[in-house]
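Quick heads-up: structures coming right below.
Consider the two complexes below, in which chain A is the common component and chain B and chain C are the respective partners.
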Partner chain A sequence: MAAEGGWVWLYGVAGGDLGAFADGVAGVGGAPLRTITAARLTAIVGDVGDREYGEAALRRNLEDLDWLARTARAHHAVLEAVAERGPVVPMRLATLFASDAGVTGTLQERAEDFREALSLISARSEWGVKAYAVKPSDPAGESGHQVAGREDQATGPGAAYLQRRRAQLTASKDARQEALASARAVYAELGRFAVSSRLYPPQAPDLAGQQTPMVLNAAYLVADERAGEFEAAMADLTARHRFVQLTLTGPWPAYSFVGESDGPGPR
Partner chain B sequence: MAQGSLATGASTGLRPGPSSGPQPTNLGDILERVLDKGIVIAGDIRINLLDIELLTIKLRLVIASLDTASQVGINWWQSDPWLRADAANGSGNRVLEEENRQLRSRVEALEARSRDGG
Partner chain C sequence: MTGPACEPAIQGERIALVDLLDRVLAGGVVIVGDITLSIAEVDLVRVSLRALVTSISGLMEAMDDSREYP
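Now for the complex of A and B:
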């Protein structure tokens, strides 16, 4: 039962008994984890205080990037630890109940949805694939230098600038077209090894920690028995597509494949 | 943006990527999943994460809204200063600015000389 003035934070729902799980993993707010069972489902929960996680505090804290980052990582760490033991349906961040009874009620009411989701993700994992455009090493290229050398002759700095700029634009346009074409090809090709796939918007470079633009941000639900093939396909695509750099993340808890494909309201 | 210690949770289960080895769990990857995906249950606190401002996040995370593979990157490229036709080539702009600056200083020098002479 949640302590007075507190809330029950719901991380996710698994089927059956989890046994010992997530040893040493602290939940959101450092709270220990516990389970609530109903309808042959197991909810993974933790108790959090009203001062930091009550409605008013949440509204404020969710706007605080550091708080949000810390909380999102804690929520994710719990789900990841549970996912190592078996399929778990992740809840969206900040799914909170006033008491255990609310969680029990939800397990009972939504039992069919949870079971459907669990069967979809059972023995499957989510993998993240990103493609970054490879920046041309020197946008101006050789022609830039040749043009620069002629600057003081007949053409003059203005015409030289225009020529240089044209060369840059052509190089950039080619790189962009190649990177986009590669992104589409990679996305389609990898889909052959997956049960399902989702596209995310490309991330901003500072958030992604990369200097080059992201042109593909996809998630795939892959049967565990085909993970090897999926990785081999990644290696093959990496070798074939020189205008993009590919990265693979995962396995993730199946966040991207459990909800309705379109959430409430527009993105 | 710090990669907290919790990030290691992901790398333990991470099989080496074929291109560049294990990637540390990127905050953006986590946020786009925990804020926008996962089953939505109406808990006792009704906060629609998509309604809330989350300004910092939206600005930094959501660059473009993409629905189909055919749109991959289109909006992204349009707003990207690196390759955008009119903005990019910041190097071109810099060349012009430099040229401008040099011309202005020459005009100033000439004006100063003519004042001194006259």
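Now for the complex of A and C:
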């Protein structure tokens, strides 16, 4: 039971008895983990204090990138540890109940939804695939320089500059078009190995820590037995598409395949 | 929002924070708990993050400039 003035943080829901799980994993706020069972489902929860996780405090703390990062990582670490033992339906960050009774009620009310989600993600994992447009190393290319050289003699440096600049712009526009086409092709091709896929909005270059624009931010739900094929397909696509740089992340708990498509995120 | 004294490991940790936030803020099951992040709040967090990151990169540029032109 949550302590007086505290909250029950819900991480996720698994089926049946988990046994010993997430040994040595500290939950959000460093709180130990425990389980609540109802309707043959197991909720993974932890107790957190009102001062940091109450409604008003949450609103403030979510604006604090440090706090948000720490909390998101703690939430994720628990789900990752539980996922090692079997399928777990992740909750969105900051799903809190005033008492265990609220969790029990939710397990009972949403039992069918949870079971459906568990069966969808069982023996499957989420993989993240991002594509960045590759910056052309020399946008004008060699032929561009030759043209510029001739122009130099014929019409002077001003015209040569303009022509060079036009060639650069054309090349970088072409590269961007090629990158977008590659992203579409990669997205479709990888879909052949997946049960389901979702698109996230591309991350802003500043947030993603990359200089080049992101042209694809996708998540795939892949059967564990096909993970090898999926990775091989990634390697093949990386070799074939030179206008994009591909990155693979995962396996993730199936965050992107359990929720309603109600948010700004996956659709 | 606290200032830019944040998260040196925003990149480079095993899992990029931005990939994680995509998932924990926009993925996962939304159930009506006694407190649940609403869509509006998720948007708010995203806007804040953008503003924060922008202010950090702006600050960095200012610092670079001051080194170049002391």
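FYI, the second predicted complex is superposed on the first by the 245 of 267 C-alpha atoms of A that agree within 3 Å, B and C clash if a C-alpha of one lies under 4 Å from a C-alpha of the other, contacts with A are read in each partner's own complex, and residues count from 1 in each chain.
Heads up, the rule we're going with is that contacts are C-beta pairs under 8 Å (C-beta built on N, C-alpha and C of every residue); 3 or more make two chains touch, one makes a residue touch a chain.
The structure displayed is predicted, hence computed values, not measured ones.
> Quick check on the superposition: with chain A as the shared anchor, is it clash or fit for chain B versus chain C?
Verdict on chain A: clash between chain B and chain C.
> Considering only the touch criterion stated at the top, classify A:180 as touching first (chain B), second (chain C), both, or neither.
first
> Between chain B (first) and chain C (second), which does A:49 come into contact with in this model arrangement: first, second, both, or neither?
A:49 sits against neither chain B nor chain C.
> In the superposed arrangement, which partner chain does A:188 touch: chain B (first), chain C (second), both, or neither?
A:188: touches chain B, not chain C.
> State whether A:96 touches chain B only (first), chain C only (second), both chains, or neither.
both
> Looking at the overlay, what does A:214 touch: chain B (first), chain C (second), both, or neither?
first
> Looking at the overlay, what does A:251 touch: chain B (first), chain C (second), both, or neither?
Only chain B is touched by A:251; chain C is not.
> Please tell me which partner, chain B or chain C, touches more residues of chain A.
Higher number of touched chain A residues: B.
> Let me test your reading of the model: by the given contact rule, A:10 touches which partner, first (chain B), second (chain C), both or neither?
So A:10 meets both chain B and chain C here.
> Just checking: does A:86 make contact with chain B only, chain C only, both, or neither of them? Give me first, second, both or neither.
Neither: A:86 stays clear of chain B and chain C.
> So chain A touches chain B in one structure and chain C in the other; where do those two contact lists coincide?
7, 10, 13, 54-55, 58-59, 62-63, 65, 68-69, 72-73, 75-76, 89-98, 102, 106, 110, 113, 117, 128, 200, 203-204, 206-209, 217, 249, 252, 255-256, 258-260, 263-266
> Could you list, by residue number, the parts of chain C that touch chain A in their complex?
Chain C reaches chain A through residues 1-2, 5-7, 10-11, 15-37, 39, 41-46, 48-50, 52-54, 57.
> Looking at the complex, which residues from chain B come into contact with chain A?
Interface residues on chain B, with respect to chain A: 1-2, 4, 6-7, 9-10, 13-15, 17-20, 23, 25-41, 43-57, 60-70, 72-74, 76-77, 80, 82-83, 85, 88-89, 91-92, 95-96, 99.
> If we count contacts the way the header does, which residues on chain A are in touch with chain C in the complex?
For this pair, the touching residues of chain A are 7, 10, 13, 54-55, 58-59, 62-69, 72-73, 75-76, 89-98, 102, 106, 110, 113, 117, 128, 130, 200, 203-204, 206-209, 217, 219, 249, 252, 255-260, 262-266.
> Looking at the complex, which residues from chain A come into contact with chain B?
7, 10, 12-13, 25, 54-55, 58-59, 62-63, 65, 68-70, 72-77, 80-81, 84, 89-98, 102, 106, 110, 113-114, 117, 128, 133, 135, 139-140, 157, 161, 164-165, 168-169, 172-173, 175-176, 179-180, 183-184, 187-188, 199-204, 206-209, 212-217, 227, 231-232, 234-235, 238, 245-252, 255-256, 258-260, 263-267
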